[in-house]
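Structures follow.
Each of the next two complexes has chain A plus one other chain: chain B in the first, chain C in the second.
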Partner chain A sequence: MTANVRGTMRKRGRWKFLSWLLPHSILVVFSAVILLPLLWLLRVALTDKSTAYKIPPEWGQASLDNFIEIFTGYPFFSYFLNSVTVALGATVIALPLAVGMAYAFARYNTGGLSLRLFVLSSQMLPPVILVLPLFTLFLKASLINTLPGLILAHMTLSLPFLAWLLVAFFDGEVATLEQAARTDGATRFQALVRITLPVAAPGILAAGLLAFLLSWNEFLYALILSGPHTNTLPVGLSSFQTHRGVDIALLSAATICAILPAMVLLPFLRRYLIRGLSLGALK
Partner chain B sequence: MANIVLEGVTKVYGQDILAVDNIDLEIREGEFMVLLGPSGCGKSTTLRMIAGLEEVTSGTLRISDEVVNDVDPADRDLAVVFQNYALYPHMTVERNLAFGLKLRKTPQEVIDRRIRDTTAMLGIDSLLDRRPSELSGGQQQRVALGRALVRDPEAFLLDEPLSNLDAKLRAAMRTELIKIHRMLGKTVVHVTHDQVEAMTMGERICIMREGRIIQVGPPLEVYRHPADSFVAGFLASPPMNLLKARLSGHHGVDEVDLSAVNLPIPRHRQAPLRRHAGSEVVVGIRPEDVHTQEPSDGTHHRVDITVVAVEVLGPEVILVADLGGGQEISVRQGATFHAVAGARIPLYIDLEQLHFFEVDSGLAVLHGGASGPVRPELGSYLKEGGP
Partner chain C sequence: MSVATADGLTLAGRDRRFGLLLTAPGLLSLLIVITFPLFFTLFTSVHDYTLLTPNYDTFVGLENYEEALDEEYLPGSLWVTTKFVLASIVIEFIIGFAVALSLHATRRFGSIYYLILLAPLLINPVVVGLLWRMLLHSELGIINYAIGLVGISPVSWLGDADIAFWTVVLTDIWHQVSFMAILLVAGLAALPREPYEAARMDGASTISCFIHITLPLMRPVIAVAILLRMIFAIKTFDIVFIMTKGGPGTATDLISYYIYRAAFFGLDIGRASAMAAGLLVIIVALTAYLYRYMNSLK
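Here is the complex of A and B:
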């Protein structure tokens, strides 16, 4: 090996190291930005109420007292249950409807581009504008302070975005598969149920998870349309801010509990979303 | 078995994309018909209309003498093999093959037997439990073919099924498809833009261009009597040399002027050319109708040319020659031919084999060989005004 060749190899090695270092340093910074507040939250949730406020932080004995207190001293479990009911209900009802809408858009071009944009246009307004008329409507329909009402409200948020997202999964490759099934003797419905839906399932599931999280984290509609018995987690969390000030330790424990389902769902979301999107439009 | 008849069939996509323009075509029962043409000429659209995957904008489509314009694709009993195979990715090979049969409520033992026979024929019986993603391109292609065969449909529609295979596999599958067609005797419509595929596989070839049918006929017929200069320049590799020329000489048809060289036109061939006496024409010379040694039959005319390039293909050699005046021709030679670029050598052009085409329409005026003037039935496929 000549010195020259060895030199270029060393140079290439250095270049390789640099191209490894740069993205990794950026990732480290970003991860820290996202993770540090979460770790801080965890620390506060595990300390007792007095040390929670101490700066610089003191490291006392970790304890689960705060977690126990939110479940025993507060209706936290009821918040949790309400959130699960609303998020699950809104998603489970919206998803099949969105599948139908997206299928109509993709196969029949129903309403053309203008209807597609119209569906999306409700998402372009700030939610505050929509929530007040919704409040009046719900009041008339006796849907205020009920879980079905909140489910309906959250569906108005998730349905347009779900339909919009799913159109991409029905275009492209899947369309050809569906045609193959049609020439194989399948009716439109059989082709949809036996070919398109199974093949697009990862994408549909990912979209469903997104809708679930959207509803799970939603605050404004829940705050205005729900009452004491139908409060969801985000609203419940805000109630830890009492007139005595914020009970930061309890709030941290509650927040940890609230983001837990999201943390559990995210890995699935990532896997399905990548598979779903690579089957759909991005391929 | 089925015949497929298109009468004045037109396809317009959206508002104004004219993909297929008023075509008439009869595909006979049991025939292997190849739709051939350059990219975007409307081959796939034609096939997809036959399959029922695209609506016919206007015209009539008949299968087995029944108008099927509005018949659902599921009820046409045709099998389509797609270019990308379109295997169901979430099913095993076995379930891919069984899908169509199950939909038709075929008894399980019949399904099993059909799958056994078909997979044995195609040599894919060991792949039944695999998913499409676990197959090579060639295996996927066979499975796609198997899925079409296993249903025993009225006719097969193939949209460039071989184009994703490597050259060797493609040649093997060509032979195999022909064998299968002979065995089953079913109607096949095969779409390709590969003229070798068309020549070797088709019982008849339908050549399309810009949404129209230019010519339909058996491969050799189309090869020998191309309806126009487009067909002549599309078939074979290298294709016919098409040279700008002018008819000239004492009666205006005695010779053809290729600017740097003049070729005499034998007296007995002059009559069909009179209409174009003295005017510009396109002269077609097949690469195999030019020789480097003078043949003994006395119908050849010597011209001296400059060697531009010699392409060695193995069994044969393609000589690219400069006739002067900016005209080049390709000449097919045996493997032993040798020349260096820039050399001056004589060529002998067979005057009996010259083809003549109109300049504007491209329509054939006179074909080479004993066939003489263009036969009217060939022209019947040409639409008004030509391509």
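Here is the complex of A and C:
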């Protein structure tokens, strides 16, 4: 082997090492920036209240006291329940409506491009635009500070989101299966209920979970349209900071509870997340 | 050729009827919960409707619009919003692309990195605001303590107007950069291999492959990702409400927060509705552009 060839090989080896090192370094740094704040939040939540404030930080005995206290000493259970009710209500009502729309878009192109644009624009609306008329209308209709009112408001998010997202789940293979069933004499309705819905069920379920999280995380509607007895978790959290100064240990415990459902669902949703976030533009 | 059936409809006619039947309930609901309130916004915007006189007795024509345009702080808020949207998108794009390329080049631990990457996207924005408020607290925050260890004096992250703007931008980036990254990763995964193999045969370097192959092929994905992020960034409200309430002064007074204040602190729903109508035009225009672009790709 000549010195020249050996030199090239060493260069190639170095290059290979670098092209391994660089991506991993970027990803490790990036992951640390995301994870460290969340781990710190968990640490504060598990620390007793006075130690949590100490700078430089001290490591006390880990305990679940803060988690117990937010549910016993504060109305967090009620916030939790309201959030679940509203998110579940909005999703369960919107899902069948959206399935019908999305299926009609995908199979029969009902309403054409203009109806689809209408659905997409509805989804893009800044909440602050809709919250003004909803507030005045709800005042008139006595829907302010009620859970049904809030469910209605959250449907303005979940219905267009689901209708747009689900279209993609009715295209492709399902369409072929359905065509076969139709040729065998199934009616349009039978083909939809017996073939398409079961095949598309996992996608529909995942979309439903995303819609649930969408309204679980919603803040502005709940801030304006809910009252003391109907406050959802984000509103409860935002007002928690002003009650009696900021008790960071309790607040951290409460925020952990608020993000827990999303973190538990994350591994199940990862396959569908891109489609959901890019509004079906990417798979 | 169309075939008439028992009920006198052609097959295509029956298809259309079935489609309409399925669409009707959802469409009706959308009209009730979205279109009707939107028209109500326009209706409110031409009336003198305030929370002190909550009625539609006084028609004022375009007066609310004129007043809104004359407002001293509206141009400032629009400027802050523009700066916020541009700054966050540019930085997110750069970081997002770096992360996407790294993830694309990595096999080991790829799925772990990916799961971590996804995490912030599902976190409640209120929680993100509270979390960073806590970390960035001037005296009790861990960040100021940490930079103190390496000899940097404490920073007033949210108290200084110039710094607070960037603090909010960076917080939003922490929350949303993954969005850009996973869209770009999906785009990279869908790229064809042949152009790269051909280029490698011709002895092209990695960098020139990136500039001459990757970037042009990724254009559609990049455009969609940036447009989506732009629309979402314009809507930003939660972290401003939690972290700064638009302040200090008007340093972080994004347009959504500005309209919210006009309505519920200024108590002038009529004027806020006029501004909301303006924002509506901008968002619908951007969405229509995005939609046309997405359709042109198919």
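Please note the rule applied: the second predicted complex is superposed on the first by the 244 of 283 C-alpha atoms of A that agree within 3 Å, B and C clash if a C-alpha of one lies under 4 Å from a C-alpha of the other, contacts with A are read in each partner's own complex, and residues count from 1 in each chain.
Here, contacts are C-beta pairs under 8 Å (C-beta built on N, C-alpha and C of every residue); 3 or more make two chains touch, one makes a residue touch a chain.
Fair warning: this is a prediction, and the values are worked out from it, not measured in the lab.
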Check your understanding: Is A:Q190 contacted by the first partner chain B, the second partner chain C, both or neither?
Key -> first
Review point. Does chain B (first) or chain C (second) touch A:L134, or do both, or does neither?
Key: second
Exercise for review: Quick one: classify A:F219 as touching chain B (first), chain C (second), both or neither.
Suggested key: second
**Study point:** Partner chain(s) touched by A:P198 [first = chain B, second = chain C, both, neither]
**Key:** first
Check your understanding: Which chain, chain B or chain C, is in touch with more residues of chain A?
Key -> C
Practice item. Identify the partner contact of A:Q179: answer first if only chain B is touched, second if only chain C is, both if each is, neither if none is. Key: first
Point to revise | Touched partner set for A:S31, first chain B, second chain C, both or neither | key: second
Review point. Which residues would you name on chain A as touching chain B in one complex and chain C in the other?
Key: none
Check your understanding: What part of chain A is in contact with chain C in the complex they form?
Key -> 19, 22-24, 26-27, 30-31, 33-35, 37-38, 40-41, 44, 53, 55-57, 94, 96-98, 100-101, 103-105, 107-111, 113, 115-122, 124-137, 139, 152-153, 155-156, 159-160, 163, 188-189, 213, 216-217, 219-220, 223-224, 233-234, 237-238, 241, 246, 248, 251-252, 255, 258-259, 262-263, 265-267, 269-270, 273-274, 277-279, 281-283
Review point. Along chain B, where are the residues that touch chain A in the complex?
Key: 51-53, 72-74, 76, 78-80, 82, 84, 86-90, 99-100, 103-104, 147, 151, 157
Point to revise | chain B-facing residues of chain A, complex | key: 176-177, 179-187, 190, 194-195, 198-199
Review point. Taking the complex as given, what residues does chain C use to touch chain A?
Key: 14-16, 18-20, 22-23, 25-27, 29-30, 33-34, 37-38, 40-41, 44, 49, 54, 95, 98-99, 101-103, 105-106, 109, 113-127, 130-135, 139-142, 145, 174, 178-179, 182-183, 186-187, 190, 206, 221, 224-225, 228, 231, 234-235, 237-238, 241-242, 256, 259-260, 263-264, 269, 272-273, 276, 279-280, 283-284, 286-288, 290-291, 294-295
